[in-house]
């Protein structure tokens, strides 16, 4: 780990960037309100769809109503975090690579990966996090048997680790842009595939499930935390998932550094 | 014969005004504060067929706004204008077929395809008969010297080359009136010169009228005998370029080269030019003598400065 | 008019063919949506003893695979495009031409569909192998389907083009567009086959254009549908196309007037 002063510096830097990002976004207060309306509309539609599903059946692939509601809450929440913190930054990296604007990353003393990961914050997308949280709480209230504190702890841990794995995945995608030009389309592809996270990954046929779980850590970010919060998960799985996340962190950072080195060598 | 008639043309915009702070933002939700900005203020002029007229003025003076009103993109808030006898306001198709608008730095051609394909598209849009279309197209390609570029996708071309394509595309339907809005902006000197030459040639060949806005003096000097200077939305000068210089300069520079190799430069007020020159010739052994107006850029600057002072 | 459409379509085909990789990626990402619905409904069907309201997993597979074709056919100019168009001067350029700007978009997207159709065939083949749909349309169904997909396109294209014109009056359009999309989601047959819904809901969908751009063409091909309903459906498509054109006639001149008074 880095020496103390550098770590403190990094934290302060992150804080500053986040604050600037937030201040920028705060100018668009009306947008916040409108965004809230949009989030509510989207979740509302999702709830209606769930209601239709539940008019025909009592459970879906072994998941009860409150459990599926919880999945939807987590899905909305995770989507909100991705759209607020992760996606804007990673998409900007891809654009900057294409336009050769990453030179600052090679010259500023602060860590480049940190810089490019926190500079863009779409503050108002947090409405999704808000709405998702509300849905989740409603689901947990309806849950029988109710979750206990171990479930909740496991949930938070797995949610964080799931979000980190999604960040790593996006980082690897963005790093691929150092080699491939057409990475924008792959990002759009991922956007489309993200929809699959609305339902527990278990209902998909085997081949699709493995793709989602390992190639795209959707299952990690959504299904697994949902399983945790609804008490369906064994604690051993928690350990495995967190381990996997750590591996992803290391691998993605390596990809990033390799890519940056290539960029530094190639830019004129 | 007048093809453009402008009478007291005015354009005012309502611009939103918002103050700082949370309170004001909330208030602005319910009630929009606006203030009126006059972009063009009672401008009048007439342009005859075949003229090449330059609209000159600093940024934001109202030249582009005037041009947009003449091409039908903006509706005047006061006064009237007619182009080729028609009111541009309703964008009558009959008028659109006879005019063209080229905006500097703006792309109207298909980005991913060669210009030739975009030209074909224009042929379909304007319903141009094939043989005449091909003949004119090839003439334009030759005049602009873009023969080897028309088969390349537009995105592969440089800014100047793209501008040439835009111009070619804009002239395929043989418009009688050309509106050129900052056509040379962002281009290098050589390209600017080439485009100016082309416009002059085109006007000579086809007798089309050209209205050109620019803040590059060189554009106007090269092409326009007549300039209209617009400042703060008002027409400040309308006439010959040389007359502009004459009216607005108060000083001239007299340079004399003497027999012993020295050079004397004196500045004299316009009215005193003759007497100053006589004195110079009498006092010194002059071998060569030049009397110059100040550079036209300085003149224009002075025009603006004067206009600014006038209420 | 025809040479104009032919010219635009040709340009679109040439351009989009250059972007075939991008098109492919987009299409593959797009099938996630129907596959999710397909799996959900098939799971329910299997749990309920083989079918839901008479629809088997094979029927759902047929519905959602045909869905992918209909969906590709009804992709049109997004209403969000207008903000950019006004800002970057593209609109000004279009207004200077003696033809209505909608033709460029209608023809351009039509040309694009030709490329999309070609790219779609292998994707459909893969989906058929993976999900084994039950599909036995009659000849009449096939013929009506081939018209219905273009009707679906026209209705959605003209409607959304008019919808986008709201941008001329305000830039805070996102919520309006989203509300439109979400109503469409529920009322069109995009998320669930409309036959699964109660009668009152199905009747409600007749009063909106959405089902005629999604559900009708899909069901025309997959069935079950009576011959009579095939023709009624086509008639409704014609009616809704006329309604869209009517809306366009009302809104466009006002939008241009607005643009001409405030300059975009």
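For clarity, chains are labelled A, B and C in written order, and residue numbers in each chain start from 1.
As a convention for this text, a residue touches a chain if its C-beta (ideal position, glycine included) is under 8 Å from a C-beta of that chain, and two chains touch if they have at least 3 such contacts.
All values derive from a computational prediction rather than experimental measurement.
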item: Of all other chains, the one whose Cα centre sits farthest from subunit B; value: A
item: Middle chain, criterion being Cα centroid separation; value: C
item: Centre-of-Cα separation between subunit B and subunit A, whole angstrom; value: 53
item: Whole-Å gap separating subunit A and subunit C, where each centre is the average of the chain's CA atoms; value: 30
item: Mean-CA-position distance for subunit C and subunit B (Å); value: 45
item: Junction residues of subunit A - those touching two or more other chains; value: 30
item: Sites on subunit C touched by subunit A in the complex; value: 21-22, 25-26, 28-33, 35-36, 39-40, 43-44, 47-48, 52-53, 130, 172, 174-175, 178-179, 182, 185-186, 191-192, 196-197
item: Residues of subunit B defined as touching subunit C within the complex; value: 13-14, 65, 68, 71-75, 77, 89, 91, 93, 96-97, 99-101, 103, 106, 108, 110, 112-113, 117-118, 120-121, 123-127
item: Parts of subunit A lying in touch with subunit C, wherever the complex brings them together; value: 30-31, 34, 37-38, 41-42, 44-45, 48-49, 52-53, 56-57, 59-61, 182, 184-186, 188-196, 198-199, 203-205, 208
item: Residues on subunit C engaged by subunit B in the complex (per definition of touch); value: 3-4, 6-8, 10-11, 14-15, 18-19, 88-90, 92-93, 95-99, 256-257, 259-263
